[in-house]
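Each remark here refers to the structure printed beneath this line.
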Amino acid sequence: MTSVETGASVALTQLYLTMARIRAFEAKAMDLFAEKYIRGSVHPYTGEEAVAVGVCAALRPEDYITSTHRGHGHCIAKGLELRPMMAEITGRATGYCRGRGGSMHITAMRHGMLGADAIVAGSLAMAAGAAYGLQLQGKDAVVVAFFGDGGAQQGIFHEAANLAAVLDAPVIFVCENNQWAISTPISCAIRIENIADRAAGYGFPGEVVDGNDVLAVRDVAARAVERARRGEGPTLIEAKTYRITPHSAATPTDNRAPDELSYWRERDPIVRFGRELVEAGHASPERLEELDRQAGEEVEDAAEWALASPYPDAAAAEEDVYAPADWLTPGRLA
Amino acid sequence: MSAVATRELTMADALNEALREEMQRDPTIFVIGEDIARHGGLFRVTAGLLDEFGPRRVIDSPISEAAITGAGVGGALIGCRPVVELQISDFVSLAMDQLVNHGAKWRYMSGGQVSVPLVVRGPISNGIGMAAQHSQTLEAWFVHAPGLVVIMPSTAADAKGLLKSAIRDDNPVVFLEKRLLYSRKGEVPDGEHLVPIGVADVKREGRDVTIVAAGASVQLSLQAARQLAREGVEVEVVDPRTLKPLDIDAIAESVARTGRLVVVNEGARAGGFASEVVARTLDHVPLSDFKATPERVTAKDTPIPYATPLEREVLPSLEDVVSAVTRVMQD
Amino acid sequence: MTSVETGASVALTQLYLTMARIRAFEAKAMDLFAEKYIRGSVHPYTGEEAVAVGVCAALRPEDYITSTHRGHGHCIAKGLELRPMMAEITGRATGYCRGRGGSMHITAMRHGMLGADAIVAGSLAMAAGAAYGLQLQGKDAVVVAFFGDGGAQQGIFHEAANLAAVLDAPVIFVCENNQWAISTPISCAIRIENIADRAAGYGFPGEVVDGNDVLAVRDVAARAVERARRGEGPTLIEAKTYRITPHSAATPTDNRAPDELSYWRERDPIVRFGRELVEAGHASPERLEELDRQAGEEVEDAAEWALASPYPDAAAAEEDVYAPADWLTPGRLA
Amino acid sequence: MSAVATRELTMADALNEALREEMQRDPTIFVIGEDIARHGGLFRVTAGLLDEFGPRRVIDSPISEAAITGAGVGGALIGCRPVVELQISDFVSLAMDQLVNHGAKWRYMSGGQVSVPLVVRGPISNGIGMAAQHSQTLEAWFVHAPGLVVIMPSTAADAKGLLKSAIRDDNPVVFLEKRLLYSRKGEVPDGEHLVPIGVADVKREGRDVTIVAAGASVQLSLQAARQLAREGVEVEVVDPRTLKPLDIDAIAESVARTGRLVVVNEGARAGGFASEVVARTLDHVPLSDFKATPERVTAKDTPIPYATPLEREVLPSLEDVVSAVTRVMQD
């Protein structure tokens, strides 16, 4: 096959580029944490890129997502810009949230990013309510809520799934089953094989997908999104994947078996998709290297831009607690 | 005072009117809660809304307090104005994460990108033998949650006017209604009646002692004031109406004048709202203006018991208020 | 068949008597509420007696139960005495909880009654933890947690079921599906047929049983109890039943269809079991009437005893907040 | 003071010793929480327990804060002494119903039939850029929940001695550990070391001003006291150690002596623990004994922001404490 860039090829290499961006972003974020430019923590999405990128490929710009502590990948996949992302996680005034949110709380309404949530599974009911509200307003947008395998044991998962079902809310619950919650293997957390099977308890479809296969993820997400747009209610997608880094910058200990790690490293979703692109003639190896390089440069640029940005003004720390209101005259705030 | 015509309404009916009027003017409002649609709410606050606005805007929810609160936050984020009913306000314990970690913080964490125009309302059910899990009044928790607005009306008119303001406010509001006041009647102004958030109301004027009280405690305090007036003690009753933001200027002005402060609040004593009022007033009134140590009249530090004599003993009583006022007068 | 009372007959008529006691107790409680001897509310168990009685028939005295706002039936089935029960719900010092608990909070540790819980589904995690703790202490007791169909939508149901599964806790979750939660039909609360199916999401058995058939309930409970005692973990039992009274004394409005009500009245579990007893020769109609009368008399006696009992001493209202402790010297309590 | 031999331990190690010693003497203790077994807890407080006591007593739980808290209550009811770890104490918002409506009330509602010997412990994680959902210090909520005991240690020795007392206490205890103190070293007495619940400790004596502070605020206050001493102001730092029950006698005795009270607390200002200390002290110290209005040094009323300059601005600082003391000295 030749590697002439057809329309299809462009779309596919775009997916590759987005995955590469996430990979590069997380590597840089870990460096910045080590160099103390980032406080708190960073939870890299490394190894799971195909999930966010596949799912968001099935979305329109006016659709929404919610995210987790491990949220950078979702943001990038949804189209957020790297500069204000990097500025946010380095605590700068130019960040999406003016430095108030940080790595675990990026919100970007203009990109349909309702917010990352550091409470495990905490955003699922919000996602259901947002989806319902959009429908009530006559819009045909959908909401995707990402969460982890660990999050599937939270009560709010159950309540939100069931509420979404009875409301027929256009929400897609995407469980990123990376098989670990910090140091706890999934075998300590559940006694079933597939979290997707829980969907049967709410009366909507549950689908298992190979979370390291970006096109498979995109396809299953597209079906769920269509269902939701048609008003047929929620879907639970379980994407089986793996994080190939430790849990986080602040919790670097990794007690997982080396052969488990290497098993998954071999299934690296970016390497794999790159191979598929080359094999199908959508891109040459050189083109992929170029994309990798481009991703790296964009991330470097974002970091430079962020680190050159000012810190937020301490005097403004009390801004944004409340939305403008009549009662918010100076000196009146309780 | 003003020439506005009024009608007599129960507080429940006044709240119902507020919801109805706001839902008529704003199609983004939806109401969700347990038994609020078909049944019209256990205390009839949402009666008739299903018929008027249909099942998409008036929703009988599953028993999932966390999820309906969270769904309210989510709906608010994308431009609706949800009103969530907690059937009994104690059940907020199940929704504290959605309310405080999500509703109250989302705007701040986003750097001001979003607002959360949400109302979470429900009854305070003490005084009628509902026992420990249905009789709390937890305003102190909400006051301690930056990002929330906390409202507690004492009259039908305030209830209506404040609920309307709460719905129109772009911030998450916890709206606490005393169940024993639902059937209490009061004059409510005709036409559009809005009560501003953050403005206290002097429910009775007096020169000797300032009582600060909200919700049901206002009625108790007024009763005490009438009794004390017969003994020549003139009590001023300041009803903040909104506990957060607190109209501390109104409170401080009154206390500076009377030199005596009694705070009446039905919550448990330790860490209660009464402590907050005392501490804040000290920030605004010089010690030298005080003729007596401020007093707090509160519930005792126990779960609320079931049996009549026990519950009566634990909740603040008319005598408790009268003796506190008497004490500050003697000091 | 004759109606000579064999051992089996005695056991069976005992079940009948217990059901009759519950029926009579609730009728009396509703009267006492109307006469203002009872404050707050009363949630009658009328029509659902076969569930509690069937389940508790599978338990030993040293086993435990937890209960709900609709808890009188569970108490009586577990062997609590009517006098201190009636005293508790009329707020007397002689009540099981010295008048502090009331109708929704009866606890009776000496009968293995861990407590009724007015938070819908609130006791399920406690039951799981108690069951686990008993096992840890080397006891072979089990814990049964009763809850309603409405309660199955609470997050704590999900968390408790899953935690019990991973702990292999000897707990049996008994969902009393009476198809309504106050005024809300089950169709507004879930989009599935059987709540029992949710057990598959936790990896333990879920069983549906006719909740108006006391022997069927006993049998399914016995299997679950044996499983739990063998250390094989939890079971979810869904007993399909119906309350043939309004929700509660304080919420007497009933918006259910008359023919739905009459359908279920015809399936009254007491009438039905009585008929079976007579048909199988375990009891004569006269014997059943005698048992009904006995139940009524016991309840009348309990009510008289309760109403003759003193109210708790107001001065002691602050007792029992804390267990005895060194720091609990007078004047020191914060 | 005493001749007891001591060793230097971090607070995390001191807590770990407390758990180990108590688990050795009482087989009914089990520990449950997220990542506490294999990993030994994110902050190593439970390190080594799995090896010593096995997976039945040291349990890596699913991420289900409500259920593990509730399971702790249930285990306590039947005679175990569970210790529940909340990985970050903010997550208690998810467990408020199990903690407050169940753990705190079960004894009272049962008329004293049961006790709930449960410890729920977890870190306060502010000051390190963990942002709004991981940086709260919610002691004010717990103080407002009758039936709970609330403990907040400031030193390694207190942490060990209080955790041991908490485990042995027959009541539900919320035990709050400041994350930034985990690595702080302190002398811990050898052998069995118990610190009584409800007894304050004067961490520094002084004649001019009483600072009441617990947890990390003690260290901040001691720093301020050292600085102020150089200017001739002698600050007494009273560490209540247990916030509920509160050793009000110790506080009142000190304030009556100094005539000046500053309360330092890292929680949000409105409805915070500092307000409670001020209000309670007023019940015990006559107004005439005060030489100045009591001051509260607290966090601002915002969610905790991420960026360094913002978080620093919002949390109470050394300068805040120093200026509050200076103000009360000038009054």
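All chains are identified by letter, namely A, B, C and D, in their written order; residue positions are counted from 1 within each chain.
In this text, a contact is a pair of C-beta atoms (placed from the backbone, for glycine too) under 8 Å apart; a residue touches a chain by one contact, two chains touch by 3 or more.
Nothing here was measured: the structure is a model prediction, and the numbers come from that model.
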{"item": "Centroid-based (C-alpha) most distant chain relative to chain C", "value": "A"}
{"item": "A-B or B-C, whichever has more C-beta pairs in contact", "value": "A-B"}
{"item": "Centre-of-Cα separation between chain B and chain A, whole angstrom", "value": "40"}
{"item": "Euclidean distance of C-alpha centroids - chain A vs chain C, Å", "value": "45"}
{"item": "Centroid distance [mean C-alpha coordinates] between chain C and chain B, Å", "value": "36"}
{"item": "Distance from the mean Cα position of chain D to that of chain B, given in whole angstrom", "value": "30"}
{"item": "Multi-partner residues of chain A (each touching 2 or more other chains)", "value": "97, 99-101, 105, 117, 119, 122, 153-156, 159, 162-163, 166, 188-190, 321, 333-334"}
{"item": "For chain D, residues that touch 2 or more chains besides their own", "value": "61-62, 64, 66-67, 91, 94, 97, 101, 108-109, 131-133, 143, 146-147, 244, 246, 270, 301-303, 305"}
{"item": "Touching residues (chain side chain B, partner chain A) in the complex", "value": "28, 30, 56-57, 59, 61-62, 64, 66-80, 82, 97-98, 101-102, 106-117, 143, 146-147, 149, 169-171, 196-199, 242-249"}
{"item": "For the chain A and chain D complex, residues of the former touching the latter", "value": "38-41, 91-92, 97, 99-105, 117-122, 150-151, 153-156, 181-184, 188-190, 251, 253, 255, 311-318, 321, 333-334"}
{"item": "Contact footprint of chain B on chain D as seen in their complex", "value": "90-91, 93-94, 96-97, 100-101, 104-105, 108-109, 131-133, 138, 140-141, 143-147, 244, 246, 267-268, 270-276, 278-280, 282-283, 286-287, 290, 292-294, 296, 301-303, 305"}
{"item": "Of all residues in chain D, those that touch chain A in their complex", "value": "34-35, 38-39, 42, 60-64, 66-67, 91, 94, 128-134, 270, 300-303, 305-310, 312-314"}
{"item": "Residues of chain C touching chain A in the complex", "value": "153-159, 162-163, 165-166, 188-192, 197-198, 200-204"}
